[in-house]
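One structure coming up, written as structure tokens, with questions to follow.
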Amino acid sequence: MTLKTLAMGSALALSMASMAVADRGSDGELKIIYWQAPSILNPYLSGGTKDIDASALVIEPLGRYDENGALIPWLAAEIPTVKNGGVSEDLKSITWKIKAGLKWSDGTAFTAKDVKFTADYCMNPDGGCAQLSKFGGVTSVDVIDDLTVKVSFDKPTPFPYGPFVGGEQPILQEAQFKNCTGAAAPSCTDENFNPVGTGPFTVKEFRPNDVITMVANENYRDASKPAFATLTFKGGGDATAAARAVFETGEFDYAWNLQLAPDVMAKMAEGGKGVQVVGFGPLVERIMVNQTDPDPKWGDERATRKHPHPFLSDINVRKALSMAIDRELLREIGYGPAGKLTCNVVPAPAAYNSTANDGCLTQDIAGANKLLDDAGWVKGSDGVRAKDGVRLSMLYQTSTNAVRQDFQALIKDWWKQIGVETELRNLDASVFFGGDPGSPDTFQKFFADVEMYANNFSGTDPQTYLGSWRCDAEPRPETQWQGENIPRHCNAEYDKLHDEMRKTADLEERARIGKALNDILMQNYIIIPLVHRGGSSAHAKTLAGVKLNVWDTQMWNVADWSRIK
Amino acid sequence: MTDIAPQLEQEARSQWWDVWDQFKSHKGAMMGGGFLIFITAAVLLGPYVWTLDPQKLDIRAKDIRPIYTFLWENGAKVSWGHPLGTDNLGRDTMAKLMAGGQVSMAVGWTAMLLSIFLGTAIGVVAGYFKRFDGLLMRLTDLFLALPLLPLLLVIMLLFRDALRQAVGPEGGIFILVVIGIGITSWMQTARIVRGDVLALKEREFILAAKSIGTSSGKMITRHLLPNVLSPIMVSATLGLANAIITESALSFLGLGFPSDFPTWGKLLFDATDRMELYPERVIWPGLCISLTVLSVNYIGDGLRDALDPRIRGR
Amino acid sequence: MLNYTIRRLLFAIPTLVFISLVIFLLLQLAPGDPMAQVPLTVPAEVKQKMREALGLGQPIHIQYWKWLVQFFWVEPLHLFDYFFSTGYSDGMQRVISWQTRSPVMDIVAQRMPQTLWVVGMSYVLGIMIALPLGIISAYKQYSVFDQVGTFISMVGFSVPTFFTGVLLIVIFSVKLHWFPSIYDTTHVVNDWDSFVFQLKQMLMPVSVLALYNAAQIGRFMRASMLDNLNQDYVRTARAKGLSEKVVVLVHVLRNSMIPVVTVIALGVPQVFGGAIITEQVFKVNGLGQLLITAIQANDLPMVQTLTFIFAILIVLFNLIADVLYGVLDPRIRYD
């Protein structure tokens, strides 16, 4: 090593040191735009991504996932494990130790009591807590001392990081929220709009569904952070407008969730003021194949397991539908760099990503035609295949969204080439994704033959997610059409394997079972994966420190953001 | 032979010939009429000449620019096979404009006529018959107050499947869209017509007609309607533009035609994001809508002049 | 006239209650779910609990009665308390939005400034352009002025705002950097510079909306003027030796105003209803955006309250229009 490189190295170290001790608030204003505007800053009462992200600027959890999906301590001193004694040997309790010296933004001390209070707040039966499922199996939360809190479960829990981990479950201050539990939760407007937190910012003014102005938290634990003195969190408009404000006009520093066609995005990027950032979680755009008959003639038994689908119950048809799809083209047209190819419904974390189904990556129209020919589906004079009087004619529904309508048109065209007739329908997202049992158009009711949407799971463990496709989890009249098993898949082998996963603690073994479950769904073509979608956001070129995190809120490390001067 | 013909015409000449003569002398109306006939013929007969399927995808031929782009941009991707270019999935723009025009014109005209008919009928009845005035105008208030989106969603919920079974998917959607637009846009016309009728009712010529025992029906068709024609014409022109745009808004709710069914409004909306890259995709549908509305406006002007006996005499 | 007005005002109360009931039933019937925006990762049982916490399980008539009491009794009481620092409404439940868990009326008040600045201003501007435009166009029918005016207003009306708005943004924000593309609702006007900024951020949305309003009202003004310019009384007035200005601007204009008054009165409630698309394009976040986000999130108390406020305005302004008819044309009688 020459003297010169050494000198450069030390100069670099010096400059980095000077960055690290930059003063709080020295970088002026940070402007963030979300095209969906936050309505509330209490994630326990909303569950919407926009609200969770906005509240993450103010309130924080004990632990969270970093941009690679690894658990990291946040307000906790370390992540409890069996090895360090934080998780009991019988897997029935977890003990969190909190960092010493933490202060709320009002200057009072942060204690284990606040953590316990947060659990009580969410588990109150009258509160309507959106994160209740994270506390599933929790029997008690006990304060051991000021900085130690113990969570006990009713049965061995191989993955005890449900409560207090991730942006969805930040800690609320007991002193502020103590009169807001249960039925009183909704009436605490001031508390829900201006929570006292430990995060880098505090709320100055909250205008619901419009804009939030924030200032740096004077009591934030790192004296040099955040770099920004004030923050504006604007909501509203649409993704194109948000992208324009970062890429082209430079009015904003960060824009969230820019699901734009790649050519539109590329044109915006020519504006030169911003950078697109992409991160991949487990989000997959997929087609669900209805296993039940949605024909209106069945009345109340429409789309229930009493009546199997007249032709989609034939695996050859389902397989042919999948074979006819050119996934690379879909990715290119719809997502560009924000999409990856996949043949799985659980494409991430990497340990759960199966390679057994990769055959789907190449389109095979001829093969699909042959498969249908061999299965006895014969093309009629109108080019539509039929067998025993059953025509391969389908209704294909999805929510209204430019990319999804392009996908519909492309897939309809490919299916036409294999002799399947498709009628397209697009529905308003608020109706399609709403669970109103009075509406015929919800994705749960599935009064169509195939439907397309995207879904994922929160955190890094797919056990609950894979449990969606168990028998009896399907929406039906008796459950007011609520339930996760949208394709109405029912397979005893699958259920048995899933039971096994529930009892398994060993991570490698869990990954093996997870992949096997995924393969059952894929090889039966119950779910036809289309594109592995990434989270896509953009930030100004002058903004440093952004690490797009798809496993947690995108605002997770906002304290580290700074202005490049 | 040649000298008998004019004489016959002379005898058969009713006031409608005068109206036609006056209409013919209105340059704007003739041009508007010409354009309207042209665009109607283009969208109806065009697909027989230009036989490309508007839904046919050809991904290799995507994003082709219109042929005229060649004039100023040498390397532009153009093709005589697609003189107006293609969209991002390779669908032919010209075919889409023609197919879209059929839907937009059909929906626009029917919905506009329905709304004008409802509005005029309710307005005249409310204005002329005092005993219906309160009730009908409160009904108008009610319709004005109803939130549009939930109303349309309810209409869809109640009638979509029934209509689908009765008249097939496309016919069902057409009826639904026309009714959806029609019953949510008649109120302005009704209020305007009623206001005018209220004033007309007290004019001397109406009183005179009344005193010689003209029946209510005659009174409305002979004396009232011709005198409220010009605001109705304006409503109709504005209503046509409104109906064409509203149709595109409905398809986003899932109330309109399927997404691969082009209409002018939808073409315009879909292309807005790419207006810098492909300006032709907004210019053509935008022009089609504006020029159609403009020509209807001029025809309305001409008709108004032609039907007004005071002007006709001049 | 006074009698008529009082009678109509009294009759407006049952009308409005009926309208509120119809709106309520319509919203109940409309498909949708306040949990639509909660991520799919939240399980169905939890969503069901959240619905119950919102009071969704209650019978419909109880929900309606609660809303009636909250809107007609608690809210006015709260307003009274606010102005006179009394405490009559303490502890009473106000109309609470499901999305934000905060009183609906507070948010409405918060949205008023930008709605009035942008939508209100554009309406006033639209009328100010439309009236002279319509009058001159009619008086000089088929002149160049008339032709150009007709062309611009018809194109302005038939090209939708979702397109013109974005076009203006691309030209003036992206290319020229003259105006901001995103409206700052927190901006406070307190000196000349901040006033200039306010003008800059208002200019694009206001011009888009003003063009649209001016086109519509101007067409009715022109048509109505044309109808009257050829009437016998105009000839009489001219024969009497009245100046042309008096003939046109007093006699003809007054008689032509009935349809125009109708259209203007119909438009005022729409000002408060906001301009949904324009607000969305320019991120103005006024009442229109509030309504559309509430509809998308199925925030029924918010939608119900907003729609009902519009209903009050509609009934009120149609009444004003009816009274004005009598003023403009004394022959019109209602009794």
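Each chain carries a letter (A, B and C) given by its place in the written order, and its residues are counted from 1.
Basically, a contact is a pair of C-beta atoms (placed from the backbone, for glycine too) under 8 Å apart; a residue touches a chain by one contact, two chains touch by 3 or more.
All of these numbers come straight from a predicted model, not from anything done at the bench.
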| item | value |
| --- | --- |
| Higher-contact pair (C-beta pairs counted), A-B versus B-C | B-C |
| Chain whose Cα centroid lies at the greatest distance from that of subunit C | A |
| Inter-centroid spacing, subunit C versus subunit A (mean Cα positions, whole Å) | 38 |
| Centre distance in Å when subunit A and subunit B are each reduced to the mean of their C-alpha atoms | 45 |
| Where subunit B and subunit C are represented by their mean Cα positions, the distance between them in whole Å | 25 |
| Where subunit C touches two or more other chains, by residue | 29, 31-32, 295 |
| Subunit A residues counted as touching two or more neighbouring chains | 428, 431, 438-441 |
| Where subunit B touches two or more other chains at once, by residue number | 153, 157, 276 |
| Subunit C - residues contacting subunit A, complex | 29, 31-54, 93, 96-97, 99-103, 106-107, 110-111, 169, 173-174, 177, 180-182, 184-186, 280-281, 283, 285, 289-290, 293, 295-298 |
| Touch list for subunit A against partner subunit C, complex | 33, 36-37, 39-40, 42, 45-49, 125-133, 183, 185-189, 192-193, 205, 207-211, 213, 232, 234-238, 241, 244-245, 248-249, 251-252, 271, 428-431, 433-436, 438-442, 455-458, 464-465, 479-480, 482-484 |
| Of all residues in subunit A, those that touch subunit B in their complex | 240, 260-261, 263-264, 267, 296, 329, 333, 400, 402, 405-406, 408-410, 412-413, 423-428, 431-432, 438-441 |
| Subunit C-facing residues of subunit B, complex | 28, 134, 137-138, 140-142, 144-147, 149-151, 153-154, 157, 187-188, 191-192, 195-196, 198-199, 202-203, 227, 230-231, 233-234, 237-238, 241, 244-245, 248, 265, 268-269, 272, 275-276, 282, 286, 289-290, 292-294, 297, 304, 308, 310-311 |
| Subunit B - residues contacting subunit A, complex | 55-57, 59, 63, 88-89, 91, 153, 157, 161, 165, 169, 251-254, 258-260, 270, 273-274, 276-277 |
